[in-house]
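To start, the structure itself, in structure tokens.
A, B, C and D label the chains in the order they appear, each numbered from 1.
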Amino acid sequence: MSTFKQRLPKHDTLFIPFITAGDPHEDVTIELALALQKEGASVLELGVPYSDPLADGPIIQAASSRALAQGMSISKAIKLVPKMRKKGVEIPIILFTYFNPVLQLGLESFFALVQENEIDGVLIPDLPYEESTEIRTLAEQNEVAYISMVAPTSKERIEKISKDATGFLYCVSSLGVTGIRETLPEDLDSFLKEVKASTSIPVAVGFGISTSHQVEVLKEYTDGIVIGSAIVHKVEELQSVLLNKETRSEGIASFQAYIASIVSPIQKCEV
Amino acid sequence: MSTFKQRLPKHDTLFIPFITAGDPHEDVTIELALALQKEGASVLELGVPYSDPLADGPIIQAASSRALAQGMSISKAIKLVPKMRKKGVEIPIILFTYFNPVLQLGLESFFALVQENEIDGVLIPDLPYEESTEIRTLAEQNEVAYISMVAPTSKERIEKISKDATGFLYCVSSLGVTGIRETLPEDLDSFLKEVKASTSIPVAVGFGISTSHQVEVLKEYTDGIVIGSAIVHKVEELQSVLLNKETRSEGIASFQAYIASIVSPIQKCEV
Amino acid sequence: GRFGEFGGKYVPETLMKPLEEVEKALDEAMQDPAFKEEYLFLLKNYSGRPTALTYADNLTNKLGGAKIYLKREDLNHTGAHKINNAIGQILLAKRMGKKKIIAETGAGQHGVATATVAAKFGMECKVFMGEEDIERQALNVFRMKLLGAEVIPATSGTKTLKDATNEAIRYWVQHCEDHFYLIGSAIGPHPYPKMVRDFQKIIGEEAKQQFLQAEGKLPNTVIACVGGGSNAIGMFYDFIKDERVELIGVEAGGKGVHTQLHAAKMEKGTKGVIHGTLTYLLQDENGQITEPYSISAGLDYPGIGPEHSHLSSIGRVRYESVTDDESIEALQLLSKTEGIIPAIESAHALAKAFEVAKTKTKDESILICLSGRGDKDVHTLVNLLERKEKEYEHI
Amino acid sequence: GRFGEFGGKYVPETLMKPLEEVEKALDEAMQDPAFKEEYLFLLKNYSGRPTALTYADNLTNKLGGAKIYLKREDLNHTGAHKINNAIGQILLAKRMGKKKIIAETGAGQHGVATATVAAKFGMECKVFMGEEDIERQALNVFRMKLLGAEVIPATSGTKTLKDATNEAIRYWVQHCEDHFYLIGSAIGPHPYPKMVRDFQKIIGEEAKQQFLQAEGKLPNTVIACVGGGSNAIGMFYDFIKDERVELIGVEAGGKGVHTQLHAAKMEKGTKGVIHGTLTYLLQDENGQITEPYSISAGLDYPGIGPEHSHLSSIGRVRYESVTDDESIEALQLLSKTEGIIPAIESAHALAKAFEVAKTKTKDESILICLSGRGDKDVHTLVNLLERKEKEYEHI
């Protein structure tokens, strides 16, 4: 049984925040992770910065650039996790990374590192179902969840993707890359219903979610909500406060307050 | 019988200077004509300035531009001649003009003007033998000499050109346009001999002659020597002196001195 | 050496013999199957002929009138019809044993074509170009140099094409013994206008065949732009005998033929002699040649090929004009609807054709000579369209 | 969707369905004689194919080795091989009922080709181009606009081709329902590398036929430059089965492969994923893609088409590199001896070919893909050669 399931809190609605490792600094990343857990995060998506993040919008691209400028890499990102654990992060941690850095490590070495560093799952946004056979096998062998994505265009693909999905199933809310969207597609509910019907693992929705109102509406249709760009954007805003050690705790407090405001519709207590 | 023959002085070697009408001013042109006669000119070539003087080098092109800027035209140039006559120019005057201005006047009107204004001959450098049938007929009817040219490339053409030549036969010294040349072609003498053998009218040589040394050498082989660019260049040099009425006579004196120096090898007296 | 009353050889005596030699060599060459074969071989394997005949379906639908066909001389090596003639003449030069080439150029297209064939035949090449044009057309000057040609600035007169031609002729007079003068348009003394036509008439011959294959009949109208007129004579020639085919030559109307700024020799010019030939040209009342104007560097020549004067005088070809603005509009329209950016020269023919097309039925068709591509004009267009935008902002 | 181990579809899930649709439509289209007919009709009547095969006689004599033949893709409409693929893909877009086109471009050549076919088919066209490239290639930007395309600056990353491609893909992810992404090289996720190859293989098919006609046998060596590798795969494809024909792909060696400034993916790159495909690319030890360098804007792409990686791995094609300086020398040599100014991209293939030619006998022959014309590079060359002159003066 994977560590993902063991670590997953029994929240009614899963709150799955995304932050980029090393943005604006790896020490801050650890503290942000803790803060998110405090505000009820059920799972943490830890993003590995990448030079060519095809699935990301400008906000996460910029975070990638800042993190790369700090010297962040896939190995360093992975090695951040034990530090988080040490500081008290207990929720499952999913490594969000593009495929190429994984490939450079080598798949076997990658999974060895992942397991060794207490990472619970892996999400590779540019590795679709058909290309992921080997990696899913390795994930299973290493007891690591391999998070699959389905999109509004997936249609008849949903079935096969769901069948092999582990951890949670990530529903992309709308066509496009990550980012903040004012409105979500009108037919999102029917899409989510269809996906939920296809699987027994939790179904989370992401891409474009940034307000408590959206969270309020969506929690009816989904088991979990992924929030990325809105959070990363807040980190960018607080960047200088967070980088300065003297003002960091103040920054973390602002960050927590912001997170609380978005996820307010979700009850923090476990079911 | 043409007025050309009547007016031609009986010089041993004909000195045939060229000046551009209206360069730098029509009043000056008249005085230059007189000065040239004083220095022994046998025939005057009066150039009509033209926008596109194909057969001319830079010196005469520049003179054309100056004269055009002064408002000179073919009709005005023609009408300068009676003024010259009035001032005492008695030698034959040849109008040197490109064909297009003639064409615009109309051939009949052109010859009427030429005759009326006491011009003795016409030289059209861009009207070769084959294109000149009509104009030669008109020239004959109007008792105006039509000066033909032969060039080093003319070869077997010399015969037919010579046959119909009137006034004098103009030998182009070398390939090229008008201008000042340091050296003349080595085989010029044989070319001149050939031309002389082909005709009974005087044979003059032109293009590139600018020094008394050249005149000295050439007079052995020819009946006449045409000097254009060297003279026009001197006019250009003296331009401001000649334009200023107060210094004009001084300028004319310098001009005459220069002419005298070039033509010194030719005896002024008539044979 | 005449087309009706037009043409002839109005040149200094020195050039008569060289011209006779060119004429004689040309006559012999044209009788020699090997010469024609080599010419056609190079057109095919070097320049890429036959050039395509493109049916402009989008544009035809948009205008709603006659079918519009484009003869794609822009697809030739170096980007215009100029190469057809340059290949023909350099072969003649080779046949005559000449190893040095002279050419004149305005915008630089003929200069590039000549430098190109001179490179291909290992000959020395001097291109005369007005000092002003050298500055305005710096990229073409660089292309010529890259091709190994020497570009000689013409500093006399107005320092543009007319004077470059004067300088080239003067240089030729001086060096006619070992130099071949490769004239770029259907102008100059005999036999040049005829020679250039004979090396360009492949345009019309190909186009006719291609058109017959596409439509099964002849076009109703054939249209080409006219500066000196080499693409036009090349396009028209094979159609002259097809009396029912309407032929239209389009001159540069510049700022309008009612102004002084145009290059409409047929409409506004008079008979005269320019660069050795008797034809229509722009001149003042004293027979001084005046400077033409057109936004198109390839059309602002003060004369027109003598055969065009003849074809006009016998009523076989109609010559009309199109303004700068009309040509630019046509250029933009073709670019946006057919994905072809034409030379501004060619856009003059297009503008007239679009006008004519609207007056015709869908059963009729118009064949246009797209003489060259517009890449060379992009600089001009950028400046022009930016200026227009600014003017518009000021309103 | 693989060439050996290379290729694949490494894209966000959102694009899987659109890619499947492209693949399905492509398979159907390729079975449909009407589709192929329209593709060939446009290649002939719009782009001017077949392009010529030119025997470089002067150059062959000068080098004294193998015969040199040039496949003249520079004679295509818009000046390079890019249009072959653009025509094929826009026909597919039409067949799929799409009316909006997306493309990425580096130097602007593929952008111009795409804007061209979009205009011809009356489609809306957005071209993504790095902000820096927009500045460096202002004339091509203007051409695209003239053709009615919208040029969208890519402001992320290094603001060059790599990022323009990222932006194009991101835009496509968002608008895949009604947009067709028209990729310009043999790169990207399956079926793009295969599709681009299939629309470019006409180069090699034509060249082989023409070569057989000219020489009565196959060439000994076929050479093409490789950026993404579309002209090369198009040229090589029909020769792959002719095992005795040596195939050489030439990458950009920039300032030298011993420096950091090059684009030699085969020589210096490692396997990885870029823009949806598994292939050789330039990256650091953490799998971050690094910026390539070449004087040629068309070759400085960090990846190479996956089929090339395969052909290299099975030893069928040899990949070598040529530096900036060597390519410029070759460009100058071809210009001066054959009157053809090649694109700097193509000059890389030429440089290698000239080197190889010298080592071969006169009975042997080399076929080179002259992928595009050099007019677009004249600005770069002017700056470069002026700088070299200055450096020389300082010595």
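Keep this in mind: a contact is a pair of C-beta atoms (placed from the backbone, for glycine too) under 8 Å apart; a residue touches a chain by one contact, two chains touch by 3 or more.
Model, not experiment: these values are computed from the prediction.
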*Chain of greatest Cα-centre distance to chain D*: B
*Go ahead and note the Å separation of the Cα centroids belonging to chain A and chain C.*
66
*Could you put a whole-Å number on the gap between the CA centroids of chain B and chain C?*
38
*CA centroid of chain A to CA centroid of chain B, Å*: 98
*Could you list the positions in chain B whose residues touch two or more of the other chains?*
none
*Could you classify the connectivity of these chains, where an edge means two chains touch, as line, ring, star, complete or other?*
line
_Dump the list of chain pairs that touch, please._
A-D, B-C, C-D
*asked:* Under the stated contact criterion, what part of chain A meets chain D in this complex?
replied: 50-58, 61, 65, 68, 73-75, 98-105, 125-131, 148-155, 157, 161, 172, 175-177
*In the complex, go through chain C and note every residue touching chain D.*
44-48, 51-55, 58, 72, 74-77, 79, 115-122, 138-139, 142-143, 146-148, 332, 335-341, 375, 378-379, 381-382
*Where on chain C is chain B touching in the complex?*
8-18, 156-157, 162-163, 166, 169-170, 173-177, 270-276, 278, 283, 285-290
